[in-house]
Amino acid sequence: MDKNTIHRRILAFLQEDIGRGDLTSESIFTKGEVGRANMVARQPFLVAGAASVAAEVFKIQNKTIEIVEVVSDGTWVKKGDTVLAVEGPVVDMLKAERVALNLLQRLCSIATMTRRFVNRVVKYSVRIVDTRKTTPGLRVFEKYAVRVGGGSNHRFNLADGVLIKDNHIAACGSITEAVNRVRQNIPHTLRIEVEADTFAQVEECLQCGVDIIMLDNMDLHTMEQAVQAINGRALVEASGGVTIDNVEKIAKTGVDIISVGALTHSVESCDIGMDWFG
Amino acid sequence: MDKNTIHRRILAFLQEDIGRGDLTSESIFTKGEVGRANMVARQPFLVAGAASVAAEVFKIQNKTIEIVEVVSDGTWVKKGDTVLAVEGPVVDMLKAERVALNLLQRLCSIATMTRRFVNRVVKYSVRIVDTRKTTPGLRVFEKYAVRVGGGSNHRFNLADGVLIKDNHIAACGSITEAVNRVRQNIPHTLRIEVEADTFAQVEECLQCGVDIIMLDNMDLHTMEQAVQAINGRALVEASGGVTIDNVEKIAKTGVDIISVGALTHSVESCDIGMDWFG
Amino acid sequence: MDKNTIHRRILAFLQEDIGRGDLTSESIFTKGEVGRANMVARQPFLVAGAASVAAEVFKIQNKTIEIVEVVSDGTWVKKGDTVLAVEGPVVDMLKAERVALNLLQRLCSIATMTRRFVNRVVKYSVRIVDTRKTTPGLRVFEKYAVRVGGGSNHRFNLADGVLIKDNHIAACGSITEAVNRVRQNIPHTLRIEVEADTFAQVEECLQCGVDIIMLDNMDLHTMEQAVQAINGRALVEASGGVTIDNVEKIAKTGVDIISVGALTHSVESCDIGMDWFG
Amino acid sequence: MDKNTIHRRILAFLQEDIGRGDLTSESIFTKGEVGRANMVARQPFLVAGAASVAAEVFKIQNKTIEIVEVVSDGTWVKKGDTVLAVEGPVVDMLKAERVALNLLQRLCSIATMTRRFVNRVVKYSVRIVDTRKTTPGLRVFEKYAVRVGGGSNHRFNLADGVLIKDNHIAACGSITEAVNRVRQNIPHTLRIEVEADTFAQVEECLQCGVDIIMLDNMDLHTMEQAVQAINGRALVEASGGVTIDNVEKIAKTGVDIISVGALTHSVESCDIGMDWFG
Amino acid sequence: MDKNTIHRRILAFLQEDIGRGDLTSESIFTKGEVGRANMVARQPFLVAGAASVAAEVFKIQNKTIEIVEVVSDGTWVKKGDTVLAVEGPVVDMLKAERVALNLLQRLCSIATMTRRFVNRVVKYSVRIVDTRKTTPGLRVFEKYAVRVGGGSNHRFNLADGVLIKDNHIAACGSITEAVNRVRQNIPHTLRIEVEADTFAQVEECLQCGVDIIMLDNMDLHTMEQAVQAINGRALVEASGGVTIDNVEKIAKTGVDIISVGALTHSVESCDIGMDWFG
Amino acid sequence: MDKNTIHRRILAFLQEDIGRGDLTSESIFTKGEVGRANMVARQPFLVAGAASVAAEVFKIQNKTIEIVEVVSDGTWVKKGDTVLAVEGPVVDMLKAERVALNLLQRLCSIATMTRRFVNRVVKYSVRIVDTRKTTPGLRVFEKYAVRVGGGSNHRFNLADGVLIKDNHIAACGSITEAVNRVRQNIPHTLRIEVEADTFAQVEECLQCGVDIIMLDNMDLHTMEQAVQAINGRALVEASGGVTIDNVEKIAKTGVDIISVGALTHSVESCDIGMDWFG
């Protein structure tokens, strides 16, 4: 994550939550009044975005706010642990609190869920990856949380990866034609990925030199056959309907990559509280 | 929702997902190629954001994309129903697809969950309201979905509502002092809300003319007593730990408002697919 | 006023006045040359925006400019008093000078005029409030100056307050219907204000539980009757044609709030000069 | 005024006044409801910014709003005249109303005051010009209103004109040195203007080929002598303390240009009302 | 190139060149005055950016300007040919002229130079690609012109491609370690490219499964040996000191890709004139 | 160049080159790792933009990067000289490197070419000036480099200078009419420049008091006659087809200003390398 990119986004989030000021706190506290607050885990989870995001929210609101204590991303915390402690002007800390919490709760939750998937397949040489099913405006944050959880990222946007899907294929008449058209136009630094629904499509992919074959919504048996047919000539990605319950079975088929939309599209916020001290 | 506000946000979301272009689709389709696509419900849900958000995403990407069919916000759809059908240049429709889906799935889910809460308390004269626990950058959209679901909104940001919390009270020494300081500073168009944890605090609120008393994490019995003590002299809001299972019991205590963070902070995306035609 | 909000606006004002640079000063002074300048009152006035706005203009142009001396907002200065003294790189001080003066002169003027209105009604328990008749782009600054002058703010924008006017009422057929429609849609944190032109309308307002009744352009006699009829059941705001000459008579009717458009729409800049020292 | 420039500014003004929406009007009117409104002069004035600014505000809020009638800039209207009539979606017209009025009232007032100054000196071959004492954020609008009023513009910002003032001269030791330094650095398309407080300074200006000599706060007698001494070898600008009462006497001295800060820094809004029709 | 991306950039370029308006043209032409202008080639070149960029400049300045005639990108024109003909409001056409020309001249020049390189190596199965040595702010335009010229693009930015250079290798101790660290962190959709200066490095690259080996500033003989050693196990890119004179010799070594910084960092504008008609 | 202006642009350039992060370097280096890098001249040139632009790029990317050494703008360096040495966090230095180089190479090249033109005419009292043929988005930087090279700037945009061209004249019927219309509308701080193609036009310019006469594409003989006829009554600018080979002959005709489009539209980047140290 690049600092200037992060900065710009967080500034916008603060503006959304603060509006033209905190009517309540600005009426009650004087400008100079300082205090301390701890963000405390109210359940166990894997930390993501504490130093890199939540702490930044406070610094961007007021650079004199000090980060007294912060747990490193990728650390497990248990109920009662302090994730982040800040000290400084109370009004600005109150202004930053909600945005910091909203982001941190979401990112920790994504990292924790990713870790659960990763742990299920730890015996297999397989990557758990995310999708483009992220929250609009938060992609860079959410994909970071996936990495903290031990997952990897799929492409970030339509310009930094190629994925030829069924309607692309239909428009071209064949996978081969679609791959050829794409190969002419893209940087050589990118691999070409094609979505294959059938065994026949897998074979066409292999013939035209596709780099990654996405097995889309295939049953386990066909998937296993496909992996054997591909036999290392392309990376194999399993996609569609992946859950914590079936992920190990999918991994067992020998695919290289399993993409899981649920890592980011269905996130239940981690419970984190904010304790204030005079 | 104001159109210019919506426009600016959606443009940023599109930029996030598209980057400098869709490498795959721009390689395959010619600029003029047109097609049609339907967003189809893969489960039943309450529609929110179809015409007002998802359709706008397509129009903003390319104003020549036509909205062929769209279900009104607040309508229940069943599995297989078309929520939105669009027709126009394929490349721009593909560029807009993911952002439109990501937003629509989230908003329908929020509306649907809100409606479930609302339905549980339909016998009582009580409002289900949201909180500031929304996704950073999406507040205006998510609060709209809550309204579509039959809920109401709490304040949008720190500048358009007053909520005096425990650390405000601690800083002032008393609720009375906190209320006085705030009342001096705010527009007369705003009500003053105070968070009360105890019965004593409720009584102090009444004495200093608080407009709304938030009963924070109170047990049902105390809550009921508080409601009776207040007796219409202030609006009463119940807050903290509200779930679909306890919401009716809370409503039964006679509170006017129940605020539910889970409406927006823990959303499992509705399942909506995109079917493409030639 | 939130610092990040202020920062963004001032940056735009500086850009407007500086363009791509100060051709004259950059030709004459070297980059390192330092100096000092005093902003001096050339007439008596109430200071608003010295530390919070004018000083910020200098700091935003170049953070090494030091604020040597600054009079607190809400202080009366007399002719010859220094309001703000700055020291630092001359070129950047010259670049910031005009914007700082233009803002400061305007804000001091608004605060001073507000104070004059407030002083006239000091015997009465009444608030002097502003309107939305502010200068486009300067609302947050101008409403701040009103508060410094001892006035209060009306709503900041169409989203953080409700005011039902004659054309809203006409569209609904009745005040009651208009109030009902609005009450369904707005956060419970907001009061509902209705503009009443006649005594009959005042009564309808009371019957449907309006929180604030705006007596619009009423003569003093009717106003007094209305106040008596309302008798504390709603806040009463007098509006329309308020001048420094009639404001006391209006206050005498017993209204709670008097809104004065002239506080911000007709401002004669305070005279403040800039004295430079080597 | 360039359309894209105007557009960007007005969009920001609308955002300031509307926030995330018009709570009142959006609760009362349906999206499709249309109506008509007339902006009516409540006093006589010279129109500036009706078609070019106020009408644009409505179009930018919603391009389907139609401009039914609009008085050309530079036309005198009398009390009761319609300046601008618009027809379209009521909610968007109400959202645009306040910004349109705030701008129009200010611009008409500037144009009217400028015209009063211009009329006083109509017998003399002299220009009335504005200064940089404009409202931050509104310079391009206010300088346009000055032109509509028959005045001319001084430089727009520090980069598109040169004005050597006393502290520049002090830093260089002499006018000659200051002029030389500036002349090296600026485009040949710009004239060099120097502020002269004394007759001796006027003479030095002439010797080093200054293009415009600003006589700053000079008494009428010295001013007249200066004009005679300059004798067409440079343009002469009178500046400082110009009022509607002394402007003719200043013109009589033979100066070419009279700059008047009060055209923009002390503006009493023209009274314009908005009449609504079903 | 995505339309919304292009739009935003062009708007900024227009603002840079127009400032707050065209003083000359706005003084001379009335708002309604229409005319026609032709952009005419004053030398032969390959057209890039006529319809996609220059025409857009005019449309963005004023959408009523019509594109009467435009040569397709990728077409050779000869001296005297019209590349683009526009018709519409003269003032807006004059405002757009310079930006349109500055962009078009640059893009045609890049496309033409790229085509010259491509033609030199037409017998070989090799790609001519660009680098990140583009003009700041114009990358998306310049990389498009390279594609029009028959070249291909290298990565667009540091986030959509991997290139391990000498200082990365030095920091890790070995290519192998560097590749391992990178592979852990990046999307599987990206290939890994490593810069190799020596034959030994090429061998290490092959052993750790590098996808693309960049032969940096190698002499032709070593390059040829490297290509033979690699023998199709990785893509081979030649880089450094490529000129129109040595490009064919480099191609002859059998490399797959030749990257040429000069395509974009040293561009002599094509000569294109603008002819105006009443 | 104003610092805030420069800052905004550089931030955009960094974003273009970095995207959401440097995949390679962020995978290899830890956040804290520091290093040093020198920008070294690989050919002789005149430095422009080292301290003022390239150093700023590093500071904007990360303000803890230290500028260890930097050559002043306007200094000649020879092959092997260090132009700029920076020390700090390696990842941020690598992120800033390409933008800093791309800008510096371009600006040094412009300054060097300008100096070559200036040196050719050093015996004559003539200015070498640039045009609006600059790279879109870089005008403020490129015009600065021209000044460093000893040249002067023509107008920066259409709003800060007047240039009446053939199609303006055609629209008015005569130069006299065009000049009159413009003179009415522009600030008195600007000179009026007219493009003259024939001797007759030069005479009309003199009669209507034009300040600057641009001799456009005139042969040397006519140019000389024109200069003699003008005889100091207006500034004379030669324009069109100026090259390093004919610039001295043009200067000899006695013109005051020679404008050279090639200073900015056809720039071959100076060769500057980046050497890294642990």
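Here the chain labels run A, B, C, D, E and F in written order, and each chain numbers its own residues starting at 1.
FYI, contacts are C-beta pairs under 8 Å (C-beta built on N, C-alpha and C of every residue); 3 or more make two chains touch, one makes a residue touch a chain.
Keep in mind the model is a prediction, meaning the values are calculated, not measured.
Chains making contact with subunit B as well as with subunit E: A, D. Interface of subunit A with subunit E: the two copies contact each other largely through the same residue positions, with over half of all numbers used appearing on both sides. At the far end from subunit F, in terms of centres built from Cα atoms, lies B.
It takes 120 degrees of rotation, in steps of 5, to superpose the Cα atoms of subunit A onto those of subunit F. Note on B-D: across the candidates B-E, B-C or A-E, the interface recurring with over half of the contact pairs conserved by residue number is B-E.
In whole angstrom, the spacing between the mean C-alpha positions of subunit C and subunit D is 23. Averaged Cα coordinates give subunit C a centre that lies 45 Å from the centre of subunit F. If each chain is reduced to the centroid of its CA atoms, subunit D and subunit F end up 32 Å from each other. Each of residues 18-22, 95, 156, 159-163, 185-186, 190 in subunit F touches at least two other chains. With chains as nodes and touching pairs as edges, the resulting graph is of another kind, matching none of line, ring, star or complete. By the document's touch criterion, interfaces exist between A-B, A-C, A-E, A-F, B-C, B-D, B-E, C-D, C-F, D-E, D-F, E-F. Of all residues in subunit C, only 9, 12-13, 16-29, 33, 35, 90, 94-95, 98-99, 101-103, 105-106, 132-139, 156-168, 170-172, 178, 181-182, 184-186, 190, 265-269, 276, 278 touch subunit D in the complex they form.
Residues of subunit E that touch subunit A in their complex: 127, 129, 147, 152-156, 159-163, 185-191, 193, 212, 235, 237, 256-257. Residues 1-5, 140, 156, 160 of subunit B touch subunit D in their complex.
Those residues of subunit B that touch subunit E in the shared complex are 11, 14-15, 18-22, 60-62, 92, 95.
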